[in-house]
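Report on one structure; see the data block that follows.
We call the chains A, B, C, D and E, going by the order they appear; numbering starts again at 1 in every chain.
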Amino acid sequence: MKKIGIADTTFSRFDMASTAIKELRMLSSSISIVRYTVPGVKDLPVSCKKLFEEKGCDIVMALGMPGPEQIDKQCAHEASMGLISVQLMCNKHIIEVFVHEDEAKNDKELSFLAENRTREHAQNVIDLLFHQDKLQKYAGKGLRQGFVDAGPVDV
Amino acid sequence: MKKIGIADTTFSRFDMASTAIKELRMLSSSISIVRYTVPGVKDLPVSCKKLFEEKGCDIVMALGMPGPEQIDKQCAHEASMGLISVQLMCNKHIIEVFVHEDEAKNDKELSFLAENRTREHAQNVIDLLFHQDKLQKYAGKGLRQGFVDAGPVDV
Amino acid sequence: MKKIGIADTTFSRFDMASTAIKELRMLSSSISIVRYTVPGVKDLPVSCKKLFEEKGCDIVMALGMPGPEQIDKQCAHEASMGLISVQLMCNKHIIEVFVHEDEAKNDKELSFLAENRTREHAQNVIDLLFHQDKLQKYAGKGLRQGFVDAGPVDV
Amino acid sequence: MKKIGIADTTFSRFDMASTAIKELRMLSSSISIVRYTVPGVKDLPVSCKKLFEEKGCDIVMALGMPGPEQIDKQCAHEASMGLISVQLMCNKHIIEVFVHEDEAKNDKELSFLAENRTREHAQNVIDLLFHQDKLQKYAGKGLRQGFVDAGPVDV
Amino acid sequence: MKKIGIADTTFSRFDMASTAIKELRMLSSSISIVRYTVPGVKDLPVSCKKLFEEKGCDIVMALGMPGPEQIDKQCAHEASMGLISVQLMCNKHIIEVFVHEDEAKNDKELSFLAENRTREHAQNVIDLLFHQDKLQKYAGKGLRQGFVDAGPVDV
C-alpha cells in the first residue's frame, strides 16, 4: 500500500487532479491518495513537502498550468527549482506535470493535452512505485507525455 | 487563533499591507497580525523567515511592487527564489503578492490592480489556514488575482 | 550597541565602504563597524557569512559595482542569490547596495549615484536595527535609493 | 571494488545507459553497476541522490537528452542545478552527460554524438575513481566529449 | 602555514593550474598546495568541497575556461552558483578564475588573458589569507584581473 500526494492549483484552467486521481485508481488498487490544492505553481513546492512530511506520502504529482506570458514562464521555472529542492530534501520523487498554455493552439487542444499528459505521468508514478523494470525497458525510447512520442533516434 | 505575518516594502508605490490587513480582519476574527516593513523585495525572504521563527507566524503574505526595468525583474526573480526557500525551510506557506509596475497601463490601473490582487490573495491566505476544501472546489477553474479570472478551459 | 559589517570590493570603481562608514557613524553612536574587503561581488556572500558568524555582526551592508557587460549582470545575479542564502542561513539582514555601471551616463553621475545610494541604504540599516516603525511609516511610498523617489501611485 | 550508478531517462531518444554500462565494463573489472531509469532529466537529481544514499554508489553518471525547444533548455538547466546540489549534499561526483538534440544536424549524427559523449565520459568516471593522475596530465588540453577536442590554446 | 586547493579542468584550453601554482609559490613560502583536476567547470563545485573537507584546504582557486556557445555560458553560470554554495557550506573563500573563450580575439590573447588573470587572482588568494589590509587599501579602485584596471571613477 503506497500513499500518493496530488498537489494542484486554482490557477490551472483544467482540473488535472481529478484526471490524475481517476487514472491512478484505475492503474492500481494498492494506493491511497491525498490531495492538496493551492493558488498557483509557486505554492506547489511547500505543498509537496507538506504532503511528504505531514501526510506521509511516498511520491507526489505536482500539477500546474503556467500561463503564456514571460512572467508565467519565470514562475514555472521558480516552481520547478523548488520542486527539485523538495525531492532532494525528502529523497522522494515528485512528478511535475506542467502544461504551458501556449503549448496548445486552442482551448480544445489544451484540454486534450492537460488530460493526456496527466494520465501518462500517472502511469510514470505507478511505474516508479511498483514497476521500475518497466521504465528501464523504455529507456532511450524518446517517450513524451501528452503529445506523440519522439521515438528512438536509431530506428 | 492563527498568526499571520505581513512583510512589505518602502519601494512599493502602493501601501499593499494596509489593504491586506483590512481585508484579513474583515474575513476572519480568529487571527492576529504581525507586520514587518523592509526596503525592497530582496529583503522579503529573510523578513518572512523572521516572521515565522521569531514571531511565530503560521503563514506570511509577502507584498511587493517590482519596477519596470530588466534589473527589477531580476530582483523579483531572486526574491521569489528566496521566498520558496523560506517556505521549504519552515514548512509553511508564503503567499507572494507581487504587482509588476508594467502590468498596468497607468497609475490608476496600477493602484486598482495592487488593491485587488492583495485582497484576493488575502482570501487565499484565509482559505489555506481555515478552508482548504474551498480551494479544492476551485481547482482548475483558472482563477486569477487582480485581473479577471481566465476561467476553466473546458467550458 | 549593535555591530555592523561592511563588505566591499576592489572591483568597484568607487569606495562605497568609506561613504557607508562615515554615514553610519553620523547616524548613530550606538554602533561598531567591521569592514571586510574582497576582490569582487561573487566573493561577497561568504564574506557576509563570515561577518555574521566569525565577527558577530548584527547586520551587513554588501557593497558592489557590477560592470556593464552581460557577464557582469550574471555575476551580480549570482552574488544576489548568494546574499539571500546567507540571510536565510543566519536569520539576519544583508542590505545589498549594488550600483550598476550602466545606470549612470558618465563617471560623474556614477560617483554621485554610488555615494547617494550608499548613504540612503545606510539609513535603512539604522532603521532596521533601531527604528522599524520608521520603515513602516514609509511603506508603499515608492522610495528609491540613489535617484529620486518614484513616490506613491495614489497621490 | 567501486559501485557506479547510472541514472537515465525514457525521454532520451538514445539508450545512453547501455552504452555507458558496456564501456564501463570494458574499462574496468573492479566495478559494480546500479541502474535507475526515470521519465525525464528533472527526475535525475533525486535519482542520483537515491543511488548514493540508498544504493551506496561511489559516483553516478546522469544521462539525458534534452529536446530542442526553449522549455527543454530550461528543464536541462534546472536538472543541472539539481545535480550540482546533490553532489554538494553527498560529497561525491556526478558526471552529467547531456546531449542536446539540436547539437546534431540529423538523427545519425545525434546517435553518433550520444554514443561517443557517453563513452568518453565513462572514461572520465573511471579516471575520477582510479586514475586522478591521468586527468591532471590532460589539464588545460581542451578536451571535449563527443566531438573533436578543441585542443590547447598555446600549441 | 596555509593549505591552498587548486581545482582545474581538462576542458580548459590553457593549463591555468600550473600558472597558479608557480605564482603562488613565488608569492609565499608559507603555503602548501593540493591540486584536483576534473573534466569541466560543472565538476568544480564538488571538487572544491572535497578540497576543503577531505584535504583540509583553507582556500581554493577554481580555474576554468568556458567555451563561446550559449550552453557554455549556462554551464559557467551553474558552476558559479555551485561555487557560491560551497563557500557558504564551508565558510571559506573560493576564488573563481573563469576565462571565457570569447573574451579574447584570438588564441594568443586568450593565452595571455588566462595567464594574467590566474596570476592576479593568485595574488588575491595570498592577500585574503595573509594581507586582508592590502585588499582594503585597494577597495573601490576598479581593479580588474587579466585586462587593464578600470580604475576609480572619481579620478
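A few notes on this one:
Throughout what follows, a residue touches a chain if its C-beta (ideal position, glycine included) is under 8 Å from a C-beta of that chain, and two chains touch if they have at least 3 such contacts.
Note that the coordinates shown come from a computational prediction; the quantities given were computed from them, not determined experimentally.
In summary, the chains found to touch both chain C and chain D are E. Different-residue interface: chain A and chain D share under half of the residue numbers found at their contact. A separation of 25 Å divides the Cα centre of chain C from that of chain E. Centre-to-centre, using mean CA coordinates, chain B is 41 Å away from chain D. Multi-chain contact residues of chain C, defined as those touching 2 or more other chains: 81, 85. In terms of which chains touch, the assembly is arranged as a closed ring, every chain touching its two neighbours and no others.
Around the closed ring of chain contacts, the path that opens at chain D and continues to chain E reads D, E, C, B, A.
On the chain E side of its complex with chain C, the touching residues are 73, 77, 80-81, 83-85, 87-88, 91-96, 100, 121, 124, 128, 132, 135-136, 138-145, 150-154. Those residues of chain B that touch chain C in the shared complex are 8-18, 35-39, 42-43, 45-46, 49-50, 53-54, 67, 71, 74-75, 78-79, 81-82, 85-86, 89, 107, 110-111, 114.
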